[in-house]
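So, here come the structures, one by one.
You will see subunit A twice below: alongside subunit B first, and alongside subunit C after that.
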Partner chain A sequence: MLPLILPVVLPLLAAFLVMPLARMSALIARALGPIVLTTSLVLLLPCCLDPPAQPLVLAIGNFAPPLGIVFYGDRLALLFANAVALFFLLFWDWRGGNPQQARQDALMLLLAASATGLALSGDLFNLYVFYELAAVASFGLVSLSGTGPALVATVRYLLVSAFGSVLALAGIALLYLQTGTLNLAQLGIDPEPLQGPAGLLAFGLMVIGFGVKAELFPLNYWVPEVYASAPARISALLAGLISKLAVLILLRLLVLVYGDTAAPQILLFLGILTIFFGEFSAWRAQDFPRMIAFSSIGQLGLVFIAFSLSGSWGVLAGIAVALHHLLVKSALFGLAHRWSGSLQALTGSAQRTPLAAALFVLFALSLIGVPPLPGFWTKILVLAGLAQEGSALAFTGLGAILLVTAVEAHYLFRFALQLYEKVENAPAGFRSFWEFLPSLLLGAALLAVTLRINPVADRLRAITQQAADRSFYITQVFPQAAAHRKDQP
Partner chain B sequence: MALDFVSILYIGALGLLLLGTFGLVTTTHLFRLILALALAEAGVNLLLILSGYRGGAQPPILGFGPQDMPMVDPIPQALVLTAIVIGVGVQALAVAAAVRIYRRYGTLDLVALKAHLEGDLARKQGIAPPKSAEKPAGERPLSPVPPRPQEP
Partner chain C sequence: MRNLAAVLFIGGLGFFLFVLFFRLPLGAPPLVAGAAILEEGGETVGAANLVTAVLLAYRGMDTLGELSILFAAATAVGLVLGRRQLVVSDPEGGFILRAGSDLLFPLLLVVGLYVILHGHLTPGGGFQGGVILAAAFFVPVLARPRRGLDHGLLSFVEGLAGAAFIGIGLWALFARDAFLEPLLGKGVLGHLFSAGTLPLLSMAVGLKVGAELAGLMTSLMEAEGRES
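This part shows the complex of A and B:
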């Protein structure tokens, strides 16, 4: 049970130890974060590479599930918990020399703890608390530099995020009024009270509320300004990882409670709006960070369209798109660390930094969905699913995806051509190799997945099979419920 | 028709929530926005408390009052306690940021601050600053009537 509890507890503990330790010894304080994250990774990696047949379920403090708090680690949750430790190490501030170093490390550890908690929690109460913790830690990280734009962007982000939490909490209150429980598995046992209009209203409120972090349409205008004014490493973590964990909450709700209702239609509709808003804004963007920030909104729209597909196909497509986006968008923000200026100023960058430009072209091709790359397979999964669905809204979604793919291709190729233009004074290159090492590693991972697409697809299917199975989740948390169900056929 | 006590509380909770939402949508002053947020949060907290309320029941504390009486549901109360603490923390953070923003820009109007943000970001990234909604975009248009030639 250690892999479930320690990756949440250790970073949380270390987050509050970093500041006092920094007064005694800067070296120990700086080493603490990487040590803790590596420990989490070592604990989680075996569970992810060689997953146990049964998910790990932990009732904290031995209080039985409906009353106590449950951590639920199936293959999907363990994969995301693993990704948290891995990506935080990848985008850790190894360089140092920042006067706010200790504060930054403390906030990063806090974000890592809450992100792992979001991946593992099986209870809406707990999810809400971890979601808020992640929000507060990200406010701190975005505004850490203390510059004017960072502060204004943080306050605007804070207001949207807090309003989103109010809506999500209202949704949770409505849900509790009708069912009297917040445990996801118990909600799944008897979802009928929630399938009326009031239950759908609760789902809508939670979608809009948790959709703030997931960059979903109505409340996502904070995205470009925050990602443009925050350090690129932080943007990489927020856009790549934290948005996916918000998506994971909505996926659990969809699979366990709202699978048979009109809820997928709500997601499809919002997803189409999101994808249009994101990609057309990215087409108009004039600087690199905001271009990839808007493109990230578009990709998240694609994730929501994928999850609206019925059955395990939708879960498979959605997880595939989300993981692909996690890899590619984090890597692009890794490049933005150096390429923080306008698109115009980056003309001819390929002369000094050929490797970075080549990486950009690789990621762009995968985002658009050019055949051998993983991006192609994820997009074809969504398109095939929409075609099978056959409703008018599904065909609208299909047309929308094809249309915005053309837009996406246009602005990404436009910038790629600009990178390879011959100019007199080429922009300066990267200061050191370490600056774009994360992007390089992620690019290598993308190529590795391309070459071994079949084993990866098999692994993904196994993950999906567990994640999309409602009764499996319920019997794992409540073994007695299964026996009860067998008694009354 | 007479309203019972609980219905009045429900109406009050929804009213606070709507009032806060209305404030968040319509005002642009940062401090008023934070106050509107506090109103909306109070409404939601009341709604949560009501979701676990049972008429005439005991507080959910063991050894408090008679043992055989029904108790109100403790889970929403725990959730509300957490939500209140989080809400206070977030609002304190917002006010602290507002103070620093006022020292820097001398205004708390979010529309003006947004313009500052766009301008600063544009300067940092080296792109043309966005067009202002107040100032005209270009030269004044020429009058369609040609100026009368000067009399000698």
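This part shows the complex of A and C:
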């Protein structure tokens, strides 16, 4: 049970201690974060590479659910928890040198703890608490540079986020008023009272609330400003990782409670709007961070469209798109560290830093969905699912995806050609490949997945099978509920 | 355009709330978890104040999260405001203000500690008592702005109190294999020494909240002083 609790608790402990420690020894304080994150990784990695047959279920404080809080680690949750430790290590501020380093490290650790909690918790209110923690910690991190635009962007982000949080909380309260419980599994046992209009309203409020971080249209207008002014590694974590964890909450609600209602249609509709907004704005963007920020909105629209598909196909497609985007977008933001100026100023960058430009082309091809890169397979999954669905809205979604793929290809190729243009004074760009090492590693991972697509797909199918099975989740948390159910014909 | 969107949003929300009002089981909500906790909470946890039993035992993880949120907010404010040495320009308060703050300090201290230590018996607990403690230390600063507060000491108390909360949780993890399970026996319901580790957790919460809020308010005041 240690892999479930320690990766959440140890970063919190380290975050509390890092500032007092920094007064005694700067070196120990600096080492604390990486040590704790590595410990989490060591604990979680075996569970992910060789997953236990049954999910890990942990009642915190030995208070049996639904009275206490339960942590639920199925393959999907463990995979995401693992990704949190891994990506925070990749995008950790290894160089340091900030006069307020201890505070910054503390906020990073708080963000890591909350992200792990978002992946593992099986209690709606507990998820909300972790979501809030992630929000508050990210406010501090995105304003790190302290410049005027960064502060303005942060205040806007704070206002949208607070608005969303209030609505999400209202949704959770509404749900509690109708069911008397906050445990996800117990909500799933008897979802009927929630499938009426009041229940759907609760879902809508939660979609708005959690949609702020998940970059859902129309709650995403904070995204480009924040990602353009925040340090690139923070943008990488927020766009790549935290947005996916917000999506994960909605996925659990969809699988356990709202699968048979109009909720998927709402998501499909919002998803279509989101990808249109994201990709067309990206096409018009004038600088590199904004371009990939808008493109990330478009990709998350694709995730929402995928999750609206019925049955386990939708879950499979959604998780595949989400994981692909996690890898690619984090890597692209890793490049944005040096390529922060306008697109024009980057013309000819390939001359000085051919490796970085080649990496960009690789990720762009995968984003567009050129075979045999993984992006192709994820898009095919969504398109095939939409075609099977057959409704008018599904065909609209299909057309929308094909159309925006063309737009996506246009702006990404336009920039790629610009990178390879011959110019007199090529911009300096990166000093050495150490500066984009995380992107390099992620690029290698992308190629590895391309070469071994079959085993990865099998693994993904096993993950999905668990995550998409409502009664499986319920019986893992409430074994007695299953027995009770079998008695009734 | 913006006004139109606002009107649409408010209209929509109003409609939803109106519809909702007639559909909800107001007055007689189903209480699945709530009823069970009311039934067995006193016996299982041993705290006369069931709210504290829920906060620190049944949903202790949430409380740890809330503590971290407050900590994240205080840290982020510190990060934005910077921490240069302060040159407070506010004049010292008059005699009445200074004498009043001197008199209030011990009173606020006692009330704050009382509320924290009796959290498992009477209404109150770590969060409420912690705010009173913060006031106890902030009122003298208002009367004598030049003296300020020792931020180093505050961050030390804050960090150790937070670590103590998690430490108690980890102790339970290694002793009973369950993070944050109450230890030390339940005692007699209603006695000061009852409810196991809950009073200790209350104390940690109170000290942490107190140190955090006192530090936060002082930094805000110092930032204001710098600007003027």
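Going forward, the second predicted complex is superposed on the first by the 488 of 489 C-alpha atoms of A that agree within 3 Å, B and C clash if a C-alpha of one lies under 4 Å from a C-alpha of the other, contacts with A are read in each partner's own complex, and residues count from 1 in each chain.
Here, a residue touches a chain if its C-beta (ideal position, glycine included) is under 8 Å from a C-beta of that chain, and two chains touch if they have at least 3 such contacts.
The model shown is predicted, which means the values in this text are computed figures rather than measured ones.
K.L.:
A:Leu201 in the overlay: touching subunit B, subunit C, both, or neither? Say first, second, both or neither.
P.N.:
Once the two structures are laid over each other on A, A:Leu201 reaches subunit C alone.
K.L.:
Quick one: classify A:Ala331 as touching subunit B (first), subunit C (second), both or neither.
P.N.:
neither
K.L.:
Could you tell me if A:Leu17 is touching subunit B, subunit C, both of them or neither one (first, second, both, neither)?
P.N.:
A:Leu17 contacts subunit C only, not subunit B.
K.L.:
Applying the document's definition of touching, compare subunit B and subunit C: which contacts more of subunit A?
P.N.:
The partner that reaches more residues of subunit A in the superposed model: C.
K.L.:
May I ask you to decide whether A:Ser342 touches subunit B, subunit C, both, or neither, giving the answer as first, second, both or neither?
P.N.:
Once the two structures are laid over each other on A, A:Ser342 reaches subunit B alone.
K.L.:
Quick check on the superposed pair: does A:Leu302 touch subunit B, subunit C, both, or neither? Answer first, second, both or neither.
P.N.:
neither
K.L.:
Between subunit B (first) and subunit C (second), which does A:Gly146 come into contact with in this model arrangement: first, second, both, or neither?
P.N.:
Both partners, subunit B and subunit C.
K.L.:
Name the contact category of A:Ser114: first (subunit B only), second (subunit C only), both, or neither.
P.N.:
So A:Ser114 only meets subunit C here.
K.L.:
After the superposition on A, what does A:Leu159 contact: first (subunit B), second (subunit C), both or neither?
P.N.:
First partner only.
K.L.:
In the overlaid three-chain picture, which partner chain does A:Val136 touch, first (subunit B) or second (subunit C), both, or neither?
P.N.:
Both partners, subunit B and subunit C.
K.L.:
Which positions of subunit A sit in both the subunit B and the subunit C interface?
P.N.:
On subunit A, the overlap between the subunit B and subunit C contacts is residues 125, 129, 132, 136, 139, 143, 146, 151, 174, 177, 180, 182.
K.L.:
In the complex, go through subunit A and note every residue touching subunit C.
P.N.:
1, 5, 9, 12-13, 15-21, 23, 59-63, 66-69, 100, 103-104, 106-107, 110, 113-114, 117, 121, 125-126, 129-130, 132-133, 136-137, 139-140, 143-144, 146, 151, 174, 177-183, 186, 196-198, 201
K.L.:
What part of subunit C is in contact with subunit A in the complex they form?
P.N.:
16, 19-20, 23-25, 29-37, 44, 57-62, 64-66, 68-69, 71-73, 75-76, 78-80, 82-83, 152, 155-156, 158-160, 162-163, 166-167, 169-170, 172-173, 176-182
K.L.:
In the complex of these two chains, what residues of subunit A are touching subunit B?
P.N.:
Contact set of subunit A toward subunit B: 125, 128-129, 132, 135-136, 139, 143, 146-149, 151-156, 158-159, 162-163, 165-166, 169-170, 172-174, 176-177, 180, 182, 225, 228-229, 286-287, 289, 340-342, 344-345.
K.L.:
Over in the complex, which subunit B residues touch subunit A? Could you list them?
P.N.:
Subunit B residues touching subunit A: 17, 20-21, 24, 30, 33-34, 37, 40-41, 44, 47-48, 50-52, 73, 75-76, 78-79, 82-83, 86-87, 89-91, 93-94, 97-98, 100-101, 104-105, 110, 113-114, 116-117, 120-121, 124-128.
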